[in-house]
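Order of writing sets the chain letters: A, B, C, D and E. Residues in each chain are counted from 1.
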Amino acid sequence: MLEPLTPQEWSAIGLSLRVAFAAALCGLPIGLLAAYVLARFRFPGRAILDGIVYLPLVMPPVVTGYLLLLAFGRRGPVGEFLERTFGIVLAFNWTGAALAAGIMGLPLMVRAMRLSLEAIDRRYEDAAATLGASRPIVLLTITLPLMLPGILAGTVLAFARALGEFGATITFVGNIPGVTQTIPSAIWSYTQVPGGEAAALRLTLIAVVIAFAALLASEALSRRAGRRVLGQ
Amino acid sequence: MLEPLTPQEWSAIGLSLRVAFAAALCGLPIGLLAAYVLARFRFPGRAILDGIVYLPLVMPPVVTGYLLLLAFGRRGPVGEFLERTFGIVLAFNWTGAALAAGIMGLPLMVRAMRLSLEAIDRRYEDAAATLGASRPIVLLTITLPLMLPGILAGTVLAFARALGEFGATITFVGNIPGVTQTIPSAIWSYTQVPGGEAAALRLTLIAVVIAFAALLASEALSRRAGRRVLGQ
Amino acid sequence: DDVVVFAAASLKNALDTAAATYRETTGRTVLVSYAGTATLAKQIEQQAPADIFIAADTAWMDYVADRSLIVPDTRHTLLGNRIVLIAPAASDATIAIAPGMDLAALLGDGLLAMANTEAVPAGRYGKAALQSLGAWDSVAGHIVEADNVRTALAFVARGEAPLGIVYATDAAAEPAVRVIGVFPEDSHPPVRYPVAMIAASTNPDARAFYDFLLSDAARPAFETEGFTVIDAGS
Amino acid sequence: MTLAVDISARAGGFALDAAFESAGRITALFGHSGAGKTTLVNLIAGLARPERGAIAIDGDTLVDTTRGVFVPAHRRRIGYVFQEGRLFPHLSVRRNLVYGRRFSTTKERWADFDTIVDLLGIASLLERQPAGLSGGEKQRVAIGRALLASPRLLLMDEPLASLDEARKADLLPYIERLRDEMRLPIVYVSHAIDEVARIADTMVLLVGGKVVANGPVSDILARADLRAHTGQQEASVVLTLRVGAPGPDPHLTTLEHPAGRFSVPRLDQAEGSEIRMRIRARDVALAVGDPGNLSIRNRLSATVTAIVEAEPPTVEVSLDAAGMPLIASITGEAVRALGLRVGQPVTALIKSSSFDRAAFGPAARPSDA
Amino acid sequence: MTLAVDISARAGGFALDAAFESAGRITALFGHSGAGKTTLVNLIAGLARPERGAIAIDGDTLVDTTRGVFVPAHRRRIGYVFQEGRLFPHLSVRRNLVYGRRFSTTKERWADFDTIVDLLGIASLLERQPAGLSGGEKQRVAIGRALLASPRLLLMDEPLASLDEARKADLLPYIERLRDEMRLPIVYVSHAIDEVARIADTMVLLVGGKVVANGPVSDILARADLRAHTGQQEASVVLTLRVGAPGPDPHLTTLEHPAGRFSVPRLDQAEGSEIRMRIRARDVALAVGDPGNLSIRNRLSATVTAIVEAEPPTVEVSLDAAGMPLIASITGEAVRALGLRVGQPVTALIKSSSFDRAAFGPAARPSDA
């Protein structure tokens, strides 16, 4: 356990951090939008959207990864479009890993945000409107701050999930050391060879410590916000 | 896609339902307790507990499954104890699959419940106390009903996660048809052989439909509760 | 009780057919738990209720043998397989698989899809073959590894990777890929699927199924899927 | 300002049908609990949509269901002091107060932070969070918040109910100043008839979701048939009198009443300005012939115009005091003892000290709008 | 009941130091916004813990920091009508009302559902959810909920502030009946001095977290030095008088006052029972010599005992009316005109109709506890 990490492990850690941050942060606006739409609007197909958001949770990760490959691979309809139009390549790229992790985390994120959003007393928003705040301003100054606990919780859930995501990632972008090999891929490799347990556990611990730090940071933020609401 | 399901597939569906219900329902009290303790008490080690609840999210499922195998396997300390004392065998048993799925879903459940719990105005609980309700009664009649949206959301998340859980389950209890083979394990098995995609997708769709039904049911319940709170 | 077989996942189609044949002839049901060989080995170490173990490589069979978890004289090599170099069906890439082949040139800026070269047997065989053919160093930085050989196959089938190394059995069943060449058997340790009975097994029916697997009656099931059946004792 | 409302709306099983016009500087919405006051105020604010009907301020249509017009709340520039405060829980008192500031243009902005904070006595609360405030403190901050958005119309839903008398007495003149100096029209929901009588000029009386009366406060308070709805126990008149030349006692202000001498505790109003006051019938006593050597100095010569039995033992005696109305409520026994009858000349006696500060207000200056 | 409080507590930067004892049937907590009334009530209810000190009811210790006693709120059987309602949002009005029922034993249960629902006028709301109720409706349900838990002490934090006059007038007698018939002691927070004067017998005056006075309401209202704190503009006396034999007019009740005739609008009180009433100094006029032919029939012979300059132009003339105190507030001009001086005999004139229903209350019957 106390052996120094190999360069490959270091790069897996770096990559995992990058992927988890990207997944959590890029997922944030999408998750918020989905949560807002699901919580606030009634429209035909709402139930479907609700279901779709949950899909990545229900499907085995391998299936999700395979579907991602079908859609976002270079030959997939979306992937081809993205590459042709924006020059964005997701397959076999760390961005693809972030996409996979982000999608796997989305249900968690949306659920947390929606719960917070639905708990908000809408009369505060009404009050803000009478003070002259337009809908977007109300959203920015009242709704989002009040749902901060949910936003933080959702983001940390997505971040933690991204740190642990393996099945969809490896199926979609594979495991290219330094490019797409995240901590879980590295861990998995270790578990597949006799005697790899110690190295696997060591990397697991590192992932846990990272997640823990993120968790503590979010709790501190959340507490600060909460203390404010409760009157210092 | 329209071929009849094989008996093995039927049994996987039945087992998955059993596992998902068990995971969600048995997880419920544990999740509630954890959420309550984390939301309401400040004690040394609270951060640690908080972190532990998140662990299953961060660790690759295979690692979680392996650790479960080490702990709850027949040779594992807990497994041995349970077998000796209560005659309970979890390893290679559907109960073990439920345990694995439950543990994987716990972080999601706890998070959702905690968010709801923290959004409750504690002054309602104070009001109930002045009316003579003791702490447990307040919990039952005020706190739990008010956190119903979170309880439902958490339970559905855990249920859906249980339907999709694969890595920890297959590692801990294996993939024995009729005994421990859940829908995701069956799906995964199909993906491992040539020509298995169609069967895999068919089973995936079934899992999705089940999750969708659970989701709709919980939304309906939640809406009913919400409508009540908002005054019909 | 039904006989429980722990078998490497890549055997699913073949073994399911064999088990069905067995049930038709004997009326007895066999349950097969498919998983990665590593997982199966560790489960057996934890007293999994398995009667028979079929691994995808010898290393994990050695692992359980070292721990006296199998009945020693029941260990046999059941099946063999080959590894092949594949390309998408539409590809016109050709190369002769031989020492000194310029695989890197054929790849261009594409990636070579393989199963994990440290952990997954198919990947390990591929790596050994490339090494012995002197192509490893030139392609080492251009490999995309998958957690199993099926995903590597999918990478090629989907056209994400121009080349891949997979089992002959997988390649044969996938119309979207074309086999460019078969790696010589001597370029890598032979692809072998060892079978053994589990020491802790108490199921009286286990032996019968074990014998059936090694018998000619099971042969068609394996050969249809493209496996080489290794004659008992060889 | 003219507020024109003609709407139907429903909330659950409750139906509101309100049609009225008010050109008042302060329009009081008055009615029993559950009469629909808050519902109506929400409609004016734009927080609810009517089923049908229209609302307009000075001809500027806010809602018109026939034309499909619905100006959203944030474009109405209508301030709203809610019945329950509704301070933003995540913002400090200061940030609650300034919340609406940035949405008004500099030109529209008439509210001054320091003035309002001082007036409301909330300077020491600025850095606090709303959760820790007392009930009255919350309400004061809510009033400040609404004012600081510099609205063109202010809706106040029972704004003073949770305030103590001293604070109320401080705030009422300020509300009058808003009305007069800032020329801010106000719709004022209140249960306190004294408050209403003092500051409102127009009153809309709601009963069970219907407007049963609307018009000048003095008219409505004088109508005996509405008394059950206004919750008044007894009659009163509202007079508008001119401040006269100062008398010998600097602490008294003389008001010009054609029927006699009339002085009240000193008002800080210039000679010649108009004062609106409510004189409750219970505070008026009558004398037939010489009243004798009394401490009651305000004596108006009047003629009895009507004698109406009110709730026993009370009899309401309507008077004509040189053209101005007055009502005295006295006991039936007294009527008999004095032998009162219609047409009889009497002296109306009104104690100077029966008026407290809250009874007076400067008459709303005529709007030049 | 005796409520004994001696505590120090803090909430944020606010420090409360309150020590008082009240044997009153209704103890009024009075003080400006932010004085600490709610804080104190929370401590009595058991919703907050004091830093140090003790609270006891009838010798039954609820809190005692020196002995480490802290009876939790749910075991105190103290009902609490919160300043902000706090109805349970997930329960119907009916289920809100009956919430506390099941926690009392049948023996303790004195509150009757139908009676209370009728009284509060909430029968039509029973199947509704709290979210749709109007402000006043919420407050009535909150009162009902607290009562239906059959508490042994009731804390009411500004319970009537959001109610209209008619409803207030209905509820005050009921609160008196709770006090007298149910013998339910009440701690009553209110800003309305009239309410307090009418129903409370004991008063605790809080200023900035400190108790500056406590004792019988009549004593505190009579103290000129406290007037700034009580928010009264002027003086008053509270008298306890006995109901006398019926006079000729059935709508008047004669009260026995040793100094003369004293009748008031009819009270439904038996002859011989005691009535507590507040007579505001502003409602008392004085006559020197024969008052003449006036509508004011209540005339008490009195002697001037003191003449005190109050806020100009008012002068407060204290009187001794056959041993009972009375204060008249008249203008300085009137004092000069009548040539009033200490020792002078005068006639105090008090209009019968200057009392409204809210000014009277049956005197609390002596507790037999």
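Operating definition for what follows: a contact is a pair of C-beta atoms (placed from the backbone, for glycine too) under 8 Å apart; a residue touches a chain by one contact, two chains touch by 3 or more.
For each chain, UniProt lists the protein as follows: A, B = Molybdenum transport system permease; D, E = Molybdate transport system ATP-binding protein.
Note that the structure is predicted; figures quoted are calculated from it, not measured.
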item: Smallest count of steps, each to a touching chain, taking chain B to chain D; value: 2
item: Third chains touching both chain D and chain A; value: none
item: Longest centre-to-centre distance from chain D, chain (CA-based); value: C
item: Intercentroid distance (Cα basis), chain E paired with chain D, Å; value: 26
item: Chain B and chain C: spacing of chain centres that average the CA atoms, whole Å; value: 35
item: Chain centre separation in whole Å, for chain E relative to chain C (CA means); value: 91
item: Rounded Å distance between chain A and chain B, as computed from the means of their C-alpha atoms; value: 20
item: Residues of chain A touching at least two other chains; value: 66, 166-167, 188, 191, 231-232
item: Of all residues in chain E, the ones touching two or more other chains; value: 12, 128, 132
item: Overlap residues in chain C, where contacts from two or more other chains coincide; value: none
item: Touching chain combinations (by label order); value: A-B, A-C, A-D, B-C, B-E, D-E
item: Sites on chain B touched by chain E in the complex; value: 123-124, 126-135, 137-138, 141-142, 145-146, 148, 225, 228-232
item: Complex interface listing, chain B residues touching chain C; value: 62, 66, 69-70, 73-76, 91-92, 170-171, 174-181, 188-196
item: Touching residues on chain C, where the partner in the complex is chain B; value: 4, 6, 9-10, 12-13, 31-35, 39-40, 42-43, 46-49, 148, 150, 169-170, 172-174, 225
item: Touch list for chain A against partner chain B, complex; value: 47, 50-51, 54-55, 57-63, 66, 107-108, 111-112, 114-116, 118-119, 149-150, 153, 156-157, 160-161, 163-164, 166-167, 184, 187-188, 191, 197, 200-201, 204, 207-208, 210-212, 215-216, 219, 226
item: Residues on chain E engaged by chain B in the complex (per definition of touch); value: 45-47, 72-80, 82, 86, 88-90, 99-100, 103-104, 128-133, 145-146, 149
